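Let me begin by handing over the structure; questions about it come next.
Read from first to last, the chains carry the letters A, B and C; within each, the first residue is number 1.
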Amino acid sequence: MSSKNYYDVTTWRSGNAAEDIGEVINSIIADIKKRQTTPDHGEGGKPGAVIYIPPGDYRLRTQIRIDVSYVRIEGSGHGFTSSSIRFNVPEGDWAGLHELWPGGSRVLVDLPLAGESGPEDGAAFYVARSGDPRISSVEFVNFCIDGLHFRSDGSDRHPENTYVNAKTGIYVADANDSFRITGMGFVYLEHALTIYNADALSIHDNFIAECGNCIELRGWGQASKVTDNLIGAGFRGYSIYAENHGGLLITANNVFPRGASSVYLNGVTRSSVTNNRLHSFYPGMVELAVNSSENLIATNHFLRDHEPWTPFLGTDNGLDDVYGLLRVSGSHNSIIGNHFSEVIDSQDIRPTGAAPVIMRLVSGTGNYLANNHVVGIDVSTRPSDSCYSAQVDALLTTEASQELAVTAVFVQSESTGNTVLDSGTDDQVTMSREMNAFRATPEVGSAVMATLGNL
Amino acid sequence: MSSKNYYDVTTWRSGNAAEDIGEVINSIIADIKKRQTTPDHGEGGKPGAVIYIPPGDYRLRTQIRIDVSYVRIEGSGHGFTSSSIRFNVPEGDWAGLHELWPGGSRVLVDLPLAGESGPEDGAAFYVARSGDPRISSVEFVNFCIDGLHFRSDGSDRHPENTYVNAKTGIYVADANDSFRITGMGFVYLEHALTIYNADALSIHDNFIAECGNCIELRGWGQASKVTDNLIGAGFRGYSIYAENHGGLLITANNVFPRGASSVYLNGVTRSSVTNNRLHSFYPGMVELAVNSSENLIATNHFLRDHEPWTPFLGTDNGLDDVYGLLRVSGSHNSIIGNHFSEVIDSQDIRPTGAAPVIMRLVSGTGNYLANNHVVGIDVSTRPSDSCYSAQVDALLTTEASQELAVTAVFVQSESTGNTVLDSGTDDQVTMSREMNAFRATPEVGSAVMATLGNL
Amino acid sequence: MSSKNYYDVTTWRSGNAAEDIGEVINSIIADIKKRQTTPDHGEGGKPGAVIYIPPGDYRLRTQIRIDVSYVRIEGSGHGFTSSSIRFNVPEGDWAGLHELWPGGSRVLVDLPLAGESGPEDGAAFYVARSGDPRISSVEFVNFCIDGLHFRSDGSDRHPENTYVNAKTGIYVADANDSFRITGMGFVYLEHALTIYNADALSIHDNFIAECGNCIELRGWGQASKVTDNLIGAGFRGYSIYAENHGGLLITANNVFPRGASSVYLNGVTRSSVTNNRLHSFYPGMVELAVNSSENLIATNHFLRDHEPWTPFLGTDNGLDDVYGLLRVSGSHNSIIGNHFSEVIDSQDIRPTGAAPVIMRLVSGTGNYLANNHVVGIDVSTRPSDSCYSAQVDALLTTEASQELAVTAVFVQSESTGNTVLDSGTDDQVTMSREMNAFRATPEVGSAVMATLGNL
């Protein structure tokens, strides 16, 4: 490791990484910039560097500011554990716990003025550079960013259960190219990842959970991918949010509760949400908003059931059950081959007596829905004090339950010219048959009746 | 690398990693525990460590026992090679081989009493910890676990071809959270990975082949992912097995032969098997057993053909050809958009003269099958002494073959209320049209006939 | 890092990695072979090694030749930036740019005789070994291979925009097993990756762009995967090309322009192209050629629009708009659940006045097309001098546009016995209804008419 472009935060000459890793990494970045000054020295000259964070606890008291391309920050452990479960263990039992905190190569975000002025102020890593070219190939790999605590939101809610602390893990302010976020752990941050104006971004194989919001792609962007992550936001926030992106590929993610939204696309076009496993405690799981058009939503597994864990009982995202698990404002989208399980207690449906809506088209034209399978099951909820036992029990319960009547597809009159095929039986689909094309999923016995009709 | 939490097995003060890496890693873990004793030292205190295994041969004579969170065992090479091909080269030719053994950062499992008492005794890595919280974020990355040899199973079969040796690569006994298995190689183990009670587990981008069984998720679990792996079990075992899991995402895997089972789900609910490439020499490729319900099986490629390699000719998994390539005991599953190629010699069909069954519904209700495409091709098998040449030849042969009559969908009378759409022509589907909903795939010329019928 | 099997190119005793990393790595490989001579020394003996390339600029003046298994070449940064954008910035503005070149762990390919005799001569990494076993588990991880410059192709085109320089990143000449290419960056190479005769190859999570051709799998092969990559070839070349492969899994890739071809399969069978996001400026995006059969093409997002960036205006791949975005010569393929957006200026259609063809079946039999959704939009092109602004603008433009008439499915008379379901309305599908099976996508109002017809 004699290379000058390899840094270890524990051996850097300036600062003490355990006390303030922010000061250390900023000093390293200054060193990189001091050494790599020539934009063209023999067809090179600014290769960047890797900054290594060995496993350990590193308090961050100074925001890290990255304004140089090709910097890779790398640890040796994503270090996630459930702080949410721990903070809901009675304090008297903490002495009996093996460990209380996340671990691995762990950055403890402890900024003095977190979020007083804006979300970027509370960011552990703040990436910004104006001018040309866009900052490129910054990489975050295999370490943990821990926001430590949530704080009171002014309600009666336990402060550690609010998902509020004005802290952000990584905040990218300026247009960027070919960034890579891989193998990371994020926990107890109000915002895990906020990235503006991304091109060819890869967010791959991370663990982003117990954060207020997980992935926010803001501004605009193109040709990026969010793939193969384990993700779960808090009840106020987004698991995956994107705005004004084209050509975004969201696939192979396992998005678990309790985010207010699993995937929210705002003015997103020509993108894919395919092949994800999505689980939520609320309606509005996937929303295509503000003329999100020509997107493909295919072969996803949607599960909506009830919050089973005592500390969050009664929490919701404010949406009622006719809002739609999948809600579309936009045109020419393809909704193909998805499975929907709505597994709720019919007594809890809002508004009372309504049939929950699974797919809802709000506005636009030319959407194509085909081969979506909707399962409605009426269950009695059984809350539990154990977070994962409660969830596993609820997940595995499929027997001794009754069918729940649902509206598989609801097309508002503002949305016309859509095609709905084999995505609900005739009485499960509410829409104008004149203004849209429709073929009902055949009902049991219908083949026999059709044959009789032909005689 | 001055951090105390970075260990290199070749420089540790105790033991000799080449002679017994087990003793060395156990000593390192003892050191971690000795140094990290305080569960809460300044909002941290137990970050764990990384244990590095450089490329090399490391014999394991002592089982490694992991009972501490945030330990990452990392190598620099998955080191797979086909031991199966090598052991079937005549011994007189071995002197001419470039190498005889796998490589990379390679652990040679040589436990003295492997499997005498139970599968956990033969485990190279044994992870167990009771109490709270569950052990979290243990990571296994980029190294090779090699079981070295199989042994006689009492039959006439060559001992190295039995897939039996009572050795396990990694065995996790207790409830766990956010584990990560990435970039690993597993070879010649009776069980590669056996993990009980997993939550948010990631098994990603590994090479797990020539093992008796590859991935076994036992006990119960939720919200895990098995993604982007190359996998192939032995003729007795499972490539991917899961029981009592909910929200499991199995996607983007390339599962090659010769496992008795490609994917076996036992009491698994609300999970996804999507977008995999599956290849097997036997029926029963994917089975949803014991009331596995509300799962999505979509856009997978199923190929079933014959074993072409001489050493395994005549081997099978004991199932006949009407068992189903995909077999479902459960309710409300979605089977959408899969491709099935059944490419076999009609002379070898069991029972003689039967039409092989592709999708079989055994019990349950409310399953939804749509847009599955079944191709049946009758071929003459051509075995070969070269493993990969034989397989490639067989894979690429599509010409000069005849159509094979198949039963695309067979629904037993115990399974009712299902919907079967465009997944087989009328004569390819055997089921009660009264008790299920059905629309046949149109046959060539049928559009013309329908038009005529309307006149 | 005391292990003899861990090498750092910057500290190796022979050569100077900055001046010629080729000489250094060849010297290291010679050392590995000198030390690891015994094919069976205590059930091991040839574990290979890892060769580390820290971030930095490393000129390659000598071709690296790899003929030993289990070698892992690893860097700490894929280092991509857009050289294409930079070379199209007026030279007078270069002084104001933050950096001019790619970075990370960067190999500058500067071979004296690049490509004079054949493509392998211009390869930075040349992997070849005959005899048995096949060379196994060579790994390329997390570094950058930069071809530096393109050169004049004899036309008036700016030399840096030709995608021609006779340089190849990695060239594998002989049969190989279990290779792994992960986390790499490739830029400004005529051929990024050319691999012959691959078995169980993994090309995962790479950034391969601004190369003449990106991935070429040649010879024959099986059971490989190309997953989760960001890919974009030049206007002459292939983004993903495979020939004579079986069981290939191409999934979760984001393939952006401007490749002449996004995915080209030549004699490929029983393989999957699923769940990719594909974007091209030309027809012929995905082609199944030369009897490619029994493949699954599912849940992909196809976008074809116009080149918006000034330097490449007017460039095309020579194909006209009736060629097909997806073109199939082969049998028994499944084309299911894909989204197609054809977003072009009707004034630019070739031949003039034609309806662009989306899916075209050229020859073969038994192909199954179902639930494909085709969107045609007529737009006015708006070129721009800014590469990514132009692309993002074009991607996000969906409003104020008119419908474009397209032929969703065109089946030539040479292709018969196919099944086409719900993939186009009656007037969007051109084929023999006698020789194929057909069900039209219902048109708006058709449900009403059907109901009336039944009365």
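Everything below uses one rule, namely that contacts are C-beta pairs under 8 Å (C-beta built on N, C-alpha and C of every residue); 3 or more make two chains touch, one makes a residue touch a chain.
Please read these numbers as outputs of a predicted model, since none were measured by experiment.
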item: Category of the chain touch graph - line, ring, star, complete, other; value: complete
item: Rotation in the CA alignment of subunit B with subunit C, degrees, nearest 5; value: 120
item: Length of the line joining the C-alpha centres of subunit A and subunit B, rounded to whole Å; value: 28
item: Interface hub residues of subunit B, defined as touching at least two other chains; value: 1, 205, 228, 252, 275, 299, 336-337, 371
item: Contacting residues of subunit A [partner subunit C, same complex]; value: 1-3, 5-6, 39-40, 42-50, 69-70, 72, 74, 129, 131-137, 139, 175, 177-178, 180, 182, 199-200, 202, 204-205, 220-225, 227-228, 244, 246-249, 251-252, 267, 269-272, 274-275, 291, 293-296, 298-299, 331-332, 334, 336-337, 366, 368, 370-371, 416-417, 419, 421, 433-439, 453
item: Subunit C partner contacts - residues on subunit B that touch it in the complex; value: 1, 8, 10-11, 54-57, 59, 76-82, 85-86, 89, 93-106, 108, 148, 183, 185, 205, 207, 209, 228, 230, 252, 254, 256, 275-277, 279, 299, 301, 303, 336-339, 341, 371, 373, 375, 377, 388, 391-392, 394-396, 398-399, 422, 441-448, 451, 454
